[in-house]
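Chain lettering (A, B and C) follows the sequence in which the chains are written, and residue indices restart at 1 in each chain.
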Amino acid sequence: MSRLLPLTVEGAVGRRRSRTLVGPVDLRIEGAGITVVIGPNGAGKTSLLSLLHGTERLAEGRIDWAWPLEDARHAQAFVFQRPVMLRRTVAENIAYPLQIRGVARKEAQARAADWARRVGLGEVLNRYAPVLSGGEQQKLALARALIIEPDVLFLDEPCASLDGRAMREIEEILLAARDRGTRLVMSTHNMGQARRLADEVLFLLRGRIHESGPASTFFTAPETPQARAFLKGDIVE
Amino acid sequence: MVDLWSGFSQAFWLVVTFDPELAEIALRSLRVTLSALLVASVIALPLAALLAVKRFRWRRWIIAILNALMGLPPVVVGLVVYVILSRSGPLGVLGLLFTPTAMIVAQTIIIVPLIASVAHQSLRELWAEYHDLLISMNVTQWQKIRTLLWDSRRALLTASLAGFGRAIGEVGAIMIVGGNIDHATRVLTTAIALETGKGDFGLALALGFVLIGIAVAVNLSIHWLSRTERGDRW
Amino acid sequence: MMKQLFLSAALVAVAGTAQAQDVMKMAVTTSFNNSGLAEVLLPEIQKDLGLEVQLLVVGTGQAIKLGESGDVDAILVHSRPAEEAFIEGGYGTHRTEIMYNDFVFVGPSDDPAVIADDETAVEALQDIASTEAAFVSRGDDSGTHKMELALWKDAGLDVEGFGDWYNAVGQGMGAALNTAAGMNGYILSDRASWLNFGNKADLGLLFSGDPVLFNQYAYIPVNPEKHEHVQTELVDKLEAWLVSDRAEELINGYEIAGEQLFVFNAGENAN
């Protein structure tokens, strides 16, 4: 169960060089489940996720976790759209977060091997990570994120460049993580994936939350015309 | 021409029989330059890592200066070190002039900018790659540096070897601060200068062969290392 | 693997720093070193006194400078005016004559300036200047260089006015001889360096014997009052050895190609 939540955001704004990337945004995330963030390109999905995670600086407003900020940062993880591979083996990559937390080497190796197997990378433990395929790298990134058992996991379009099979495998891992109690906040372009995974939806437009709600109602009966248009597949500006 | 030829054959003989004088000089060369390499690496590599990850006001200036220092004429470094270490100079009490230690000091000063610059380049590139991930993982400054240094180890070794190559062939600075004293501070390069000046080409050529051998070996290692950069792990 | 590399590098650096005996530094001239006499004397000094003498081989000018700055414990040079100025300035305690050799004129074997039949050194120089034959000068403020300049002065000629035939190379005796061999020119050299020189090419010894070409070597300890750290004990030990019968035997017995190079004369001229 997520001890970091509820996450309360009030009037949060993310800016870079006087250009507003996202905000002002108000939202509240609590309980278990998967929040899916959707919206056209440039709407600010990545910026919102970075803002919540803390890698983008908050220009205005507040972001409050149930825990003090420093501790909260250690119980989160982030999976990028294009995963960053350390120039090491698969096993060493996955074990890295444990290594920097001071976990003993033997134990870190064992847990990394276990997680590698869970995401289907058990056969390539000693392969040099940068030479893995896109799908394999993303799975590695997931394992590396989940190995610390984060309370909250952010994902920025994790399946953007993956084939169907890899996407399916990753979605399974995500659902399993949710069932274990991790709160997921992910952005996606793929409406099918959104429908499959979302418990809650945030629809972003021009940096603001245009509409939000439980998945059950959002997909069947969107309230705003832009949301409706977007779901139909029209270009929304 | 006859002279040169007899020089060559004499040189060959000296090398093949491990002539003790030749060996003594060669070993001293290695000792001085390897020591300088060690000290210089200890200074230059962490400095390069710090410059790569820490953002502070003078950073760009320091990087620019470091690059400029690479063009420092070694003999000028020798002159400055000589003046400082001379008995009538500020650090004269150390009595280091005309000792191998003075030579190590001079060589270290010469190669630190080189090693730091080359290493910094690689570390910068790697940092650009790792930046988002490590920031997201909330690693400490110290952990950042350690991770970068470890994952760049091949490139760092290459940087060090570049420094070695520069130092082993240097003659001006160590001639000045070492004094080329027989059995004390005479090394391959200074011995070559001396023997050539005396007209003793046999020994000079033999020394030259050894020096070339070392330099080539070092450069080959750099080449081999950068080829194993992709793919394999060690 | 990295660890092993660093470790072995460190070991190589540390090994060989052990030093268990007396060591002193002496500045000597390139002429002296190139004669090869040092190679004979140093091992004997090591054996007889247990003393390692480290030689800085430089020109007289720099030897004097090293003595002034206290970077060496004693100097062995061959330029009386410079030596006296050195002692006058308080940098040296006294001078002790040890031995002498002579200077000779070396030049192309066909002798275009025809100096072989000249009576005096001054005449030889005048011939060289008038034919503008290629001439190599040490140009490095050494004892040899100072002797050469003094001779030009006695010949009534001004070095500054010389043309391209006069080449001041700013190097030691061996390197200067090399240059002379390379351009087939004349050069003033000490006999010892010439006999010991390996690359004679087309050069030959053309003129010698004029008494002004006399070259006296003197030993001067650096003054401990100016530089405390000078190892006066060792310096005195070496001086005593250099004027001893043993040294006389070795110095007079030193020959190149059957010719004696140096004449031991310590104690003959009281100064």
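Here is the rule we go by: contacts are C-beta pairs under 8 Å (C-beta built on N, C-alpha and C of every residue); 3 or more make two chains touch, one makes a residue touch a chain.
Bear in mind that the values here come from a model prediction, so they are computed numbers and not experimental data.
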- Item | Contact pairs, highest-scoring chain pair | B-C
- Query: What chain lies farthest away from subunit B once each centre is taken as the mean of the Cα atoms?
  - Reply: A
- Message: Quick check for you: compute each chain's CA centroid and the global CA centroid, then name the chain with the smallest gap between them.
- Response: B
- Message: Roughly how far is subunit B from subunit C, centre to centre by C-alpha average, rounded to an integer in Å?
- Response: 34
- Message: So the centre of each chain is just the mean of its C-alpha atoms; given that, what is the distance between subunit A and subunit B in Å?
- Response: 48
- Task: Compute the distance, rounded to whole Å, between the mean C-alpha positions of subunit A and subunit C.
- Result: 81
- Task: Going by the contact rule at the top, pick out the subunit B residues touching subunit A in the complex.
- Result: 126, 129-130, 132-133, 135-140, 143, 147, 151, 231-233
- Task: In the complex, go through subunit C and note every residue touching subunit B.
- Result: 1-2, 6, 9-10, 12-13, 15-16, 25, 34, 52, 54-58, 68-71, 171-172, 174-175, 177-178, 181, 196-199, 227, 229
- Message: Under the definition above, what is the set of subunit A residues touching subunit B in their complex?
- Response: 53, 55, 73-74, 77-78, 80, 84, 86-89, 96-97, 100, 128, 131
- What does subunit B use to touch subunit C in their complex? 3, 27-28, 30-31, 34-35, 37-38, 86-89, 92, 95, 97-98, 104, 153, 157, 179-184, 194, 196-201, 234
